[in-house]
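Here come two complexes built around chain A, the first alongside chain B, the second alongside chain C.
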Partner chain A sequence: MIILTASPYLWALFGIALCIGLSVVGAAWGIFITGSSILGGAVKAPRIKTKNLISIIFCEVVAIYGVIMAIVFSAKLQNIDSKDLYTPSNYFTGYALFWGGITVGFCNLFCGIAVGITGSTAALADAQDPALFVKILVVEIFGSILGLFGLIIGLLQTGRAGEFAAAK
Partner chain B sequence: MEALYFNVSDGYLEGIVRGYKSAILNTTHYLNLTQCETLDDLKLQLSATDYGNFLANEPSPIAASTIHEKATQKLVDEFKYVRNNAMAPLSQFLDYLTYAYMIDNVILLITGTLHERDTNELLERCHPLGVFDTMPALCVATNVTELYETVMVETPLAPYFQKISVNDIDELNIEIIRNTLYKAYLEDFYDYCKRIGGVTGELMSEILEFEADRRTINITINSFDTELSRDDRAKLFPNLGKLYPEGHMKLARADCLDHVKAVVEVWVEYRPFFDTTLNSFGGAATSEAKTLDDRFFEYEVHLNKLTFQQQFHYAIFYAFLKLKEQEIRNILWIAECISQGQKEKINNYIAIF
Partner chain C sequence: MSSSSTSPIIQTKNPEFPRSVIYKLYIHTFFMVVLPLSTYFYTSKYFFEGEYGTTKAALSAAGIANAVVFSFIITAFMEDSGEKHQKRE
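On to the complex of A and B.
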């Protein structure tokens, strides 16, 4: 019963924080892994500079998913007085936003890392042999779909959660 | 798991070194180089590769030794660039690579002093990667204790000197000192790589084990018909590699090349090294068989090429240095063949890519 005394706001806002926070960590991680390899490889093979920005864009997209979901989640927040707050519907919203946030956050974290490592290898392989780039890009596309999965499931989890509303 | 954090400090340098690696001459380049009639032709061909105008300021006619010197200088510049941009632990790894050259320089200076050569001339002949501050002071030392206390104790080679038991520096002992230092260095480097672990540890162990085996076999063969006793010989073998420990025991007792061959042939990878049939050196036929040294170089090149198949480790830095050195040896060989007019042997180089 201790869990029930925790405010639904705690769960909801924590979920939103994890959603955007972990997505950004994933995107940043991926970008630094790819970015440093592109910088190193482009010294001797300047032609790889522009094409390999696609890898960076794939990583960035992961952070955008996180922002979109955070905005969708935060649309459900309302200012309710605490004596009216503890309704089953509000509990559901709180929990749904928490676990939806974790789902989206972790999916984007691992997606960002995967795309980043693959992007780094794509940049170095492209510097050696230009024909390889498009093939490795296909691997990256599959990797970035992972973030999309997180987005979809997050939407399904929170789709039926209503806004915070006062008890009637 | 190294993929997660390797690029934080070393991603840029890995990209740079892979760029240097893609500039290494391949078989097409070597075919062009072997067709050259004079060294000026060679200079022209090299200017179309990554070497560019490195010989631009040399007066023609060029000597083969100038080409070697300038090519080595280019390699040293590339290595120094990487070393200056490196953070720990890569910086320490790169320092380990330079210790081998330091050992060679120390021995060169001591030998030169023993034969009373001019200090400046000796210092010019030192390998630039193994230069350290107190090197000129080496020319005044007369025995090992003095050498250690005045000069070596501040250098990174200090711990290796503690294993030396001989005190006088003379002809035979110089080689013993060189091999004892190198043995201590190799074992230290091997332990360091094992401590780094991961892919670096795995790849470097394999390379260093081969290096140890190669030295063991060379020490054995070179010590036939010398005054080196069997126990002394056994003390010079580095304690690592496929041949350690059973191979070492048998090689310490070997007396001729056939004994060595019999011992080493047990290990499958080393069996083809002793094959003395006339083999062509990749591409055109030559008039002589590959020597044992050639086969050692070839196997080393093979192991070094393999390191580039994996990402996020330090072994490519070692491999790049060794492959460029092999390339410089190849270019020097071709240049010497051209300048001496011995075209039959010109194809005895080890192609890398």
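On to the complex of A and C.
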């Protein structure tokens, strides 16, 4: 019964929190894996420093997707009195923001981890053999598209959800 | 603490990592944060009206973010090939 009587605000704000939170977890995870590998490999092969920042930028793009979606979702929040809040349209907005946030958050989380592990291996392979970097970059581009999928589906889920509006 | 005779010499200006590289990275990071968000707000206010306005604005912001990534990739590769030509000469 608690789930049925939970406020749409709970669902909406929880979704926004998961969206940005999980995206940043994915981006941070990727950046620390890649960053430590670049720094370790650059001890013996300093030339890898500049080119391997591409992997860091790919991980950061994942966090930017999360920020964009959190801003898009939070634009639907309005201040509604609690007696006018429980309309079907507001319930739909709450649920849509919750599941849209989970979609975007988890897609960005695993995209960030994938790009991070690939980027760290790319740095170490580049330190050994410079010709390998361009080929591993293709793998990273494919991994980075996963975050874009999450963004598109999150937008499709919440595209029709209106702002919170008072009952008429 | 170890005296200066036993510690290695620390270079403050690293010739392999010139300042222009750091400036390009900072500029791309700054644009990565600022450009998508400002594109989203600008397009949703002035260009895309109607039911799916915010969706199209968010897609354009994601496109701009990917454009910044692409420009950074091109910059990094051009710098790398520039360094190779310098070292060969």
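Quick note on the criterion: the second predicted complex is superposed on the first by the 166 of 168 C-alpha atoms of A that agree within 3 Å, B and C clash if a C-alpha of one lies under 4 Å from a C-alpha of the other, contacts with A are read in each partner's own complex, and residues count from 1 in each chain.
The rule we apply is simple: a residue touches a chain if its C-beta (ideal position, glycine included) is under 8 Å from a C-beta of that chain, and two chains touch if they have at least 3 such contacts.
As the structure is a prediction and not an experimental result, all values here were calculated from the model.
After superposition onto chain A, partners chain B and chain C are found to sit side by side with no clash.
Applying the stated contact rule after C-alpha superposition, one finds that A:47 touches chain C and leaves chain B untouched. By the touch criterion defined above, A:159 reaches chain C but does not reach chain B. Put simply, more of the residues of chain A are touched by C, taking chain B and chain C as the two choices.
By the document's definition of touching, of the two partners only chain B reaches A:32; chain C does not. After overlaying the two complexes on the shared chain, residue contacts for A:102 are found with neither chain B nor chain C.
Of the two partner chains, neither chain B nor chain C is touched by A:22.
Of the two partner chains placed around the shared chain by superposition, chain B is the only one that A:124 touches, whereas chain C remains out of contact. Using the contact criterion defined above for the overlaid structures, shared-chain residue A:58 touches chain C, although it does not reach chain B.
Using the contact criterion defined above for the overlaid structures, shared-chain residue A:70 touches neither chain B nor chain C, since it reaches no partner.
Of all Cα pairs spanning chain B and chain C in the superposition, the closest are 14 Å apart. Once the two complexes are overlaid on chain A, none of the chain A residues touched by chain B in the first is touched by chain C in the second. Every residue of chain A that touches chain B in the complex is listed here, in rising order: 29, 32-33, 36-45, 113, 117, 120-121, 123-124, 127-128. Touching chain A in their complex are the following residues of chain B: 3-4, 7-8, 11-20, 22-23, 311. On the chain A side of its complex with chain C, the touching residues are 46-47, 49-51, 53-54, 57-58, 60-61, 64-65, 67-69, 71-72, 75, 137, 144, 148, 151-152, 155-156, 159-160. Chain contact summary for the complex, chain C toward chain A: residues 16-17, 21, 25, 28-29, 32-33, 36-37, 40, 51-52, 54-55, 57-59, 61-62, 65-66, 69, 72-73, 76-77, 79-80, 83.
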